[in-house]
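For reference, the structure I am asking about is given below.
Order of writing sets the chain letters: A, B and C. Residues in each chain are counted from 1.
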Amino acid sequence: MTTPARGQFVVNLGDATIYLTVIALFIVNVILQPRFAQVSNLLYLLGTTLPLVFAAVAQGLVMLTSSIDLASGSIISLTNVLIVVLIGHGSATAIVVAIVAGTVLGALAGLLTTTLRLPSIIVTLALSSVWAGVALYVLPTPKSGIPNSFSNLTNGYVPLYLSLALAVLWLWLARTRFGRRIYAIGSSENAAYTAGIPIVSTKVAVFAISGALLALGALMLSSTTGGGDPLSGSSITLEAIAAAVLGGVSFQGGKGSLIGAIFGAVALTLITNLVFNTGASAFYQGVVYGILLVLALALSRFTARRWIRMPVPAIGGGLR
Amino acid sequence: MSDVANVDVQPETDIDSAKPKSRLRMTPTVAAYGAAVLVGVVGQILHPGFLGSAHLSTVLSLVAVLGIVAAGQTFVIITGGIDLSVSGILAFAEVMTPYWVQGHSSRWPILLLIIVIAAALGVINAIGITVFAIQPLIMTLGVGAIVDGAVLVLTGGSSTGLPPAWLAHSMAHNGWLSGLLITWVVVSVLAYMLLHRSTFGRRVFAIGTSPRAARLAGIRSWPTLLGVYAFSAVMAAIAGIVLAGYSGSGDFGIGDTYLFPSIGAVVIGGTSILGGRGGYIGTIAGVLILGVIDSILTLSNIAAAGRQIAQGLAILLILILYARERRLRQ
Amino acid sequence: MQTQERIGSVHVAGPAGLTLTDITKTYGQTRALRGVSLALRPGEVHTILGENGSGKSTMVKILSGTVANDSGTITRGGQPVSCASPATSLRSGIATAFQELTVLTSLTVAENIYLDRYPRTWIGTVNRRSLERMTAQFLDEHGLMLDPRASCRDLTLAQLQLVEVARAIARKPSTLILDEATSALDAPEARQVMTLCRTLAEEGATVLFVSHRLDEVLEVSDRVSTLIDGRIGSTRDAKDISHDALLDELLGKRESVGAVSAAGESAPARARRTPRSEVCATFSIPASAGFREDIEIELHEGEVLGVAGLQGHGQKRMLRILGGDLPDRDTVRKVNGTKLHIRSPRDSIAQGIYYIPEERKVEGIITAHSIAANMVLSYLPKLSRFGWLVRSVERRLSRDTVIRLGVRLNSLRDSIDSLSGGNQQKVILGRGLLTKPKVLLLDDSMRGIDVRSKNEIYRLLEDLSESGMAIILNSTEIPEVISLSDRVLVFHDQAIFAELSGAEVDEANILRAMFGRPKEHAA
């Protein structure tokens, strides 16, 4: 029974897993390295994770409509490069152009997928090559030159605020009509269509928002690295997918929360840190998170159908 | 035997030897070969000597590795899946072959070991996909990541950089041919035979075209999928081995340069990403097209950036064309 | 009708009803609608009565915007009404509760009923409390016993159907279409729905009720139109007709059309044989497998058992269970006395039962394969020598089968796409025959096949049964069932309603049973 009784709300075990996992990982990290729990350390880590957080949320959003975006890393690379190249015209210009570019690139993928009825997997795969090439063309070698005002974006408490802002934004969006449409389309595109929900515009908007988020992630990246690198996004695509899936976003669409995606990104970072702390070579990182990904997926078949009941906290819950 | 009256059937001798009427219709595969020829002509125009035997042989050798990887990928995509672990497996084979062979005189057992490991990885992929119902994209992604990491762990991040002498020698050019090219040809024949002349190939197409019809006809999908993913992994390993011999770079990221084009070649060659129709013959055309485009751009001194853009655009173009053709047919 | 609180839905409440003029729709070779003209009135409950294949669902799809009609117009009061897409249909005031439910199971009842029309808070999010309150009020007003907060995952089929209906009603449409909306409901719930129909009609809406339940039909309707073979047969006031009269009309119209139908014309009416005494197979399906009662079938050697019924009444389910497509652990199958263990179609085939599906395009042919390859698909293990396909055997087998079945083709190596529907079906039949089954299950497999091929297949089936093969033939075409079967089981409401044999097998009895009426005693 998934219906909550009065004074209760139900949580999907699959969703809960990621929160529990993050907590567990955190504890293990602290045990191995007591200084891990220092606020400054945590904030710093969060700052370096921000690009992945944004990418994971972007990917999760697309996945909710049962699509996939294999071009996300390339969009980050390209917008990252644009920022560094245009920084000479002023920070504001660079930021605006980057965000607009990201939105357009995302929307393009959405348009090709919906109007031409092409599978998103191959459309975004092809686009990823195109955008990566453009990034290389615009900036063949990494370059620095990001002013300090920029770098402050990922200093201090800002990463925390940004993450919270992202989470709050999602909590809001998921409860709007637009958010409900996203879940409806992912759940059953056919039923949603028959009920009069506009499929094309919603999907294109989702891809566009995803692109904007990716551009913001690139912004964070510029901030932490202090420059631009045409290959900056190359590994992020797959990491973002892993983060979203770990966070409980279903590949089939219509299930999962982007808060989970945020936590998934955090989990990946904690794992990296863990590997680093055990003194094992950094090379184990890839192995570990690959195994984790596969395990999480295998497990998700069982956890996805199980639910746990919890008493309602004062704010009230229910809608994911 | 019932005698069904009023039926006009060709006399017995005709129907099985009669020429299939659709042989030379404009299938995507035929179109792909047409495009390959077109692109080759463009290359010749822009750079005289392009189609000359010396240059062609180089181009062919360069695409041979891609062709081998794409053979495996073809099978996987026909069944409606995708194999993202080929990059890791290729890197694994490419790095571990010289790494393990150095200091050991026994070469074949090492090669065999690498291939067996690859096959096992393919089986793991298939298990995740069939038993745990994990999407092929993610499962192969995860396995690929594991293999990538494992390679780093095993070698401690350092590679020999040099291929074992015997391997380099067998892969090198000998006039027009090269060991690499010959390997590709052998692989191609094998792939074709498997796909079109074996019961396994029949099942591959059946499952990819209509899993439901295949099931009702009594076909179990999991053994076939097992074979398909194992085959893809083995192809990736073979590609890595011959690459180690040909260019011996020991570059850990080498797999990525073949992953995306392997999928692109399959799609350009007419195999639908959704599964079902297609075949390796088309993939070969796709491989050739990508190789020729790349070569033209290199000769024209266009940077790697341009080549990447061109590859992506080529695939997009093909997709759009195929989409229009599909729509018109409906 | 007034529009209430702003819930984001606006409809057109005009004084006139919808008028359909000469609507046609053809799917490939099948002409589903051949010129339907109907003038609906505001404030009436109008029922469309028709059998399988009459065009009912196509009509619903066109009005609801899911499918576009080929020609003809839809107007209201002289003004054209757009049904180009589901969204525009809804805007035109047409709301539909579909036979195939469009309820989103991951959402709650309230979220489904007011799908995409939620009350909003000042920050634009869905106002849950307001939504639940609204829904509770709505359900209360309309006498529907549902919990607004319940997740649709937990609901029974009947409850889901109520949600589907509730959603349509909640749109306050000027035209409400209910497509078999009571099929899963119990009597009291069905009654409630019908009461709602009457209420809505009294408020000025048009309710278009598509149903096969004669009792309901007459009780709730103002007028009844029969839909026969894609055209409106008649439209009459409900109070002027009786069940029998309606059935007679469906029968009668068909009798005149029947002269053109395949089985009636070319194949000789089957001399109804008494089955041979040897029982070759028995099947026991418990009610828990999705039926109202247990099902017990005894098949004799060489017997052709016909199965008939309106769509969705359980026949298909039974055949799929028997064929291994829907494995059911509690079903007992015995062939020649041996108990079978079946978990998949592969097991069935290995143990002598072959299931031929309905939709050959999706469930039958492999488009990537040639004709010969399609033919031998179920026979692959026997064709392989260490994995390699022995082409000569494939050629021989497919050639022999193709000749035996009279498949018209150019070459065995052509793609199966090149064949007509009838010939494709013959290939699938041939595929099954190569496995030498003892029991052949045909699940409405002859849809959309040309007359000539159908007759050839009929003759083949007769030959097969002569040679001892038992055949279960599920068909929505009554003449087909009559001309081929020795015995007929008629399904109604997820159970076998009647078993007819000998002289009882005629159109009248079958039709009655399909609609749940007991057979006439005076033949």
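Here, a residue touches a chain if its C-beta (ideal position, glycine included) is under 8 Å from a C-beta of that chain, and two chains touch if they have at least 3 such contacts.
Since the model is a prediction, treat every value here as computed from it, not as a measurement.
Ranking all chains by how far their C-alpha centres lie from the centre of chain B, first place goes to C.
The chain pair A-C and the chain pair A-B differ in C-beta contact count, and the higher one is A-B. Annotation: 44 Å between the Cα-based centres of chain A and chain C. Mean C-alpha positions place chain A and chain B at a centre distance of 32 Å.
The touching residues of chain B, counted against chain A in their complex, run 82, 128, 132-135, 137-139, 141-150, 152-153, 156-157, 256, 260, 263-264, 267, 273-274, 303-313, 315-316, 319-320, 323.
The touching residues of chain C, when paired with chain B in their complex, are 323, 325, 344-346, 348-350, 355, 357, 362-370, 372-373, 377-378, 380-381, 383-384, 387-389, 391, 395, 398-399, 402-415, 418, 431, 435, 452, 456, 459-460, 463. Taken in their complex, chain A has these residues touching chain C: 1-4, 172, 175-177, 180-181, 183-184, 187-188, 190-198, 254-255, 318-319. Within the complex formed with chain A, the residues of chain C that make contact are 8, 64, 66, 86-87, 89-90, 98, 102-108, 111, 115-116, 118, 120, 123-126, 128, 147, 149-151, 153-154, 167. Taken in their complex, chain B has these residues touching chain C: 1-2, 4, 6-10, 12, 14-22, 193, 197-203, 205-206, 208-210, 212-220, 276-278.
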